[in-house]
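My questions will all concern the structure given below.
Letters A, B, C and D mark the chains in the order given here, with residues in each chain numbered from 1 onward.
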Amino acid sequence: MSAVFEVLNLKKAFSGLAVTNDVTLSMATGDRVALIGPNGAGKTTFVNLVTGNLRPDSGDVRLNGETVTKVDAIGRVRRGLVRSFQVTRLFQEMTPAEHVALAILQRDGRAGAMYGNFLSMPDVMDETAALLGTLGLVHLLHRKVSEIAYGQQRLLEIAVALALKPRVLLLDEPAAGVPQSDTGRIEQALAELPADLAVLMIEHDMDLVFRFARRVIVLAAGTIIFDGLPADVTKNAAVREAYLGSYANASHAA
Amino acid sequence: MTEETVAVTARQSRSIGRDLLGIGAIISAAAIGYLLFPDNLALLTRIIAIALLVLSLDLVTGYCGVATLGHAALFGSGAYAAGIISAHYGIADPILMTLAGIVGGAAAGLVCGVIILRAHGLPQLVLSIALIYLFHEFANKASSWTGGSDGLSGISTDPLLGMFEFDLWGQTAYFFGVALLLAVLMLLRVLVRSPFGMLCRGIKEDPLRIIAMGASPKTALIKMYVISGAVAGVGGALNAISTQVVGLDSLSFTLSAESLVMLVLGGGGSLFGALTGTVVFMLFEDYVSAANPFHWLTMVGVLLIAVVLFAPKGLYGTAAGFVACRREKRP
Amino acid sequence: MKRVVIAAFAAIIMGSAAYADTIKIGVVGPFSGPFALQGKNFKAGIDAYMAMNGTTVGDDTIEVIYRDLPAPDPAQSKALAQELVVKQRVQYLTGFYFTPDAMAVTPILKQANVPLVIMNAATSAIVTKSPFVVRTSFTTWQTSTPIAKVAHDAGVAKVISVVSDYGPGVDAENAFKAAFEKEGGQVVEAIRIPLSTNDFSPIMQRIKDSGAQGVFAFLPSGPTTLGFVKAYSENGLKDAGIKFFAPGDLTQESDLPALGDAALGIQTTFHYAVSHDSPENKAFVEAASKAIGSPAELSFPSVGAFDGMKVIYRMIEATGGEQDAEKAVNAVKGLSWTSPRGPVSIDPESRHITQNIYLREVTKADDGTYYNKEIQTFEKQGDPGLAAAR
Amino acid sequence: MQTFFSIAVDAFAYGMVLFVISIGLSVTMGLMRVVNLAHGAFAMIGGYIASYAAQSLGLGYAAAILLAVFGTVAISIPIERLLYRRIYGAPELTQVLMTIGITFCIIGIANYAFGPTLKTIPLPTALQGSADLGFRSIATHRIFAIVCGLVVAGALWYAIEKTAFGVKLRASVDNASMAAALGVRTEIIYAVSFAVAVGLAAFGGVLGAELLPVEPYYALRYMVTFLVVVSVGGAGSIPGALLACLLLGGIDTTGRYLMPEFGEFFFYLAVIAIICIFPRGLAGRVR
């Protein structure tokens, strides 16, 4: 199967310190990959390099076989690489319906239209309602985001990303900060993600990783130290060292 | 019919209802103004022209979050464009002059937008200040075209539609102004509710999120700047047509700052907030400056401080919030 | 019912005609803002005239309505004038400190049937814009022309001109240049500086480097003048013997205490000095000082306002209180009288005031105050600016 | 060559005067995050107090400066407590509205109390006249202004970078709630910083009065200049403000010497160019 998303020998250093060091990985349509790693492993930098918010020192990023290293963040989104944010970045004064509709209109190249209202565009409204329906948010269609619960905001993040119909979806800690009681809904949403989508999830919560991922990549000190099946990850010596080492230190400090 | 579509239809009819209410409110305000001050239509016409400027500022500041103290550049360019085609080329038809104002304002909007959007926050404010001074200085230098500091005089205006003279009593100018304001307002209502308007509100709240959606905040803002320029240009043209003179003050920092004060006073991010701010500020200024021409500035200062202390979202914003709050509480 | 309507109608018609017992005069000027001092002087001149000549003309009571226009703003000026004419029903418009404001009003005079008496605005061309304009102040050409002769007589052959880059500044430059070259002198350089200039040291350096023996300057009165004059003495130009020539705007009386010793010896030409020695001026200064409150604030716009009121009173007399702009203006064409500034007359053709221009020198009085001492008189000067424009 | 030195001297002197007046604004805007358009108004109050003290009370120059600084701070305390405290952390435009309102009120009061004429602050004989630099002369009070500017810059830099107060101030600015949790009394820190900024404004107002004369519209007339200088330097940075003052003073002075009729163009084009290249100001901190 051909790779829909590839990272080749990606390198980035901040004032001499290599934060992403020669990372190479490849994903195919339908992949469910979790990227994990201890604090400071360089996950955030990696995400920013992939989305185009940072320029790598060397290496390439490819989407559908096209090299997009020199393409800016907007261009990558338009080519099907979409991300969600670790801390929700939603428009507090706008409604879930507006969020999703805006994403749909933008995807279809209609967000620049200076007349008309999405409320009176049946196709947009239907798709919005359907998408929010699958995530169980349809009753909140017209509430302000600032008035809805955090767990629901996280779901809305996913909805906005899905509305863009991505080929590759980067989920940055989709369940971060959500109370335990609400994570079920999010897990369900993750399980129901479309099959024609490659998903790379950055996550801390190992329970979630094991339930969701069919492949796990471990990043430590900017390098990939493990790339394989979830079942094998805990047995790997390098991973144990990277994690337990840091936890041991942490518990000493505490 | 599903539950959702019922809700949507209800929503739409409510917003159309609000539109009609707004238009009705403006027409009745225009009528009341006409009846209350039948012999001070010049002031009312001027309020309309400035209201167009403040509306235009609202588009970039209230809806898109751009901080600018140089917005009169757009208004003044419109005024000079309308004035110059009349004074130098003898094109005296008010509608053509308005069109010239729109073109002039939009062109200035493009220039300002491209430059101002290069920075954010305080540096952005300062860029806008530098720009308005450049525009002002340029108009001062190009005195063979603009009349320099003496002002551009010699503007003549044909009767509107060949029938209505722009005369001393200013009725034609007033009704022309009201018509322009209504037309602009209706178009802007459509614009701010359109997908593009929604995109701009998104940019105001979080440009990075918009980028993550694959849209370019900069392109959208420049488009908005051009539209804003066209609106300000209508105001400038109205000013040129009704007063038959254009002065350097129409490209001044003072006018820019005043329009920003009016916008914040009324409450940015809503078209009626912009209108409220303009009308309240100009009428207040007119009243206190006539009552005490020597020390009225202090009164204006007190008004501004009072608004910040007691109506922090602006007059219209606070009033609308109050009404919404009451409605929520009602079972 | 019908009778009531007719009665009301008749009352309106009669009210607006011969039985008018209150005649309103609308004054537009800078009563607040950076130029408030000049507006205050308008009011002082008007109050002084009414205190000395009464508030009635014939059976008619005079009422003055003030409107504030803090900075040049022609659109606002026109709106105010319209309001005064249409709503307040003023029969006379007057005041106007800035040229663009006055220019903006000229198109409505004919339709409004209202004369405009300009108390300050000093660009020559205003009077040509409408036959209903009369000016009782001065023009920049009028006050800047004689100083060229003064410079020439002082043995100065090369002069550098420094003016603020706006209408009156350009007028002053042109006036001086025309007159000085006619005298046989040479203007080696003509510099126009932005109105907002704060630091004049580089300009002074430039003056020094130009090799001129004298400098002709025009700046609006206020902070810039102060900066310029101080820089002139601090940068050693005064000591280097570079002579300073200017029209009197630069040394207006209200700025002299601030200018202090830096201004001593500066020679300017102008139409009015508060120190002018005549019984008319003595009476005027007394009344105007009382009106303005603080005598140190008294300056030239007050006399323009005083004479403006004189002209308006004459107009009211001539028309018997009826609104007839043409008759009113015709009545003052050629009118001559002795103003606090000296003998003056209204030129019948241009409707601008013909007056003496005085050469004055800033001098320290015995009590330590500074004043403009008149040392030479150029009699019956008209406005050379109009001829130059043609 | 002589022309070059001559311009350089003028530029340096003008830049330093600008620096003394605007540095207080850099403190309020950069460190306290308040767009304080009333800064000029406080400088003006300082000027009026000094003028009154020197002219009517007959005090000496040094005493007049001291009275101006402390008098202005005393006047500003109730204003800070009643008004400014409400706009810390408020949106920029709200701050603009409030501080413009305060400026209007102060102008109106000054106009009413002191009249519209120019006020001067008589210089002591030691500062009158001019000093000879060999190739040209320069007014003595300008040399005094340069020295004062350097002293103020050094003292402020020391206070912010090297003292305990400076550490607390920077901590409060970066994260007010964190600083409060660590026991820093942010309210007091803010009040003191505000007083220092106002005191500097008053000091600058007095010192710069020879160049920017005191009159009621002082507060609005020079507001833009102060704002521009501070933003170009990068709000909150002492070296940035110094650099901006010298750079803009240099451009302004050179422009006025070489092509006075296009002086404004040079100045504002330079401002636009600098901000386009350094969108956070010359020494702006990345936020």
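Methods note: a contact is a pair of C-beta atoms (placed from the backbone, for glycine too) under 8 Å apart; a residue touches a chain by one contact, two chains touch by 3 or more.
Quantities reported herein were computed from a predicted structural model and do not represent experimental measurements.
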Starting at chain A, fewest touch steps before arriving at chain C: 2
Farthest chain relative to chain D (centres taken as mean CA coordinates): A
Mean-CA-position distance for chain D and chain C (Å): 36
Rounded Å distance, chain A centre to chain D centre (Cα mean): 48
Mean-CA-position distance for chain B and chain A (Å): 42
Shared interface positions of chain D, touching two or more other chains: 111, 261, 264
Residues of chain B engaged with two or more neighbouring chains: 137, 141, 295, 297
Touch-based graph of the chains, sorted into line, ring, star, complete or other: other
Every chain pair in contact, whichever chains are involved: A-B, B-C, B-D, C-D
Contact set on chain A toward chain B in their complex: 51, 73-74, 77-78, 82-83, 85, 89-94, 98, 101-103, 105-107, 110-120, 125, 129, 138, 141-142, 160, 164
Sites on chain D touched by chain C in the complex: 3, 6-7, 10, 13-14, 111, 115-120, 130, 136-137, 139, 210-213, 215-218, 220-222, 225, 252-254, 256-257, 260-261, 263-264
Chain A contact footprint on chain B (complex, rising order): 4-5, 7-8, 11-12, 190-191, 193-199, 201-202, 205-206, 208-209, 211-216, 220, 223, 227
Touching residues on chain C, where the partner in the complex is chain B: 31-33, 36, 39-40, 66-68, 71-76, 78-80, 82-83, 85-87, 99-100, 103-104, 106-108, 111-112, 123, 129, 165-167, 170, 194
Chain D partner contacts - residues on chain B that touch it in the complex: 61, 67, 115, 118-123, 125-127, 129-131, 133-134, 137, 141, 253, 257, 260-261, 263-265, 268, 295, 297-305, 307-309, 312
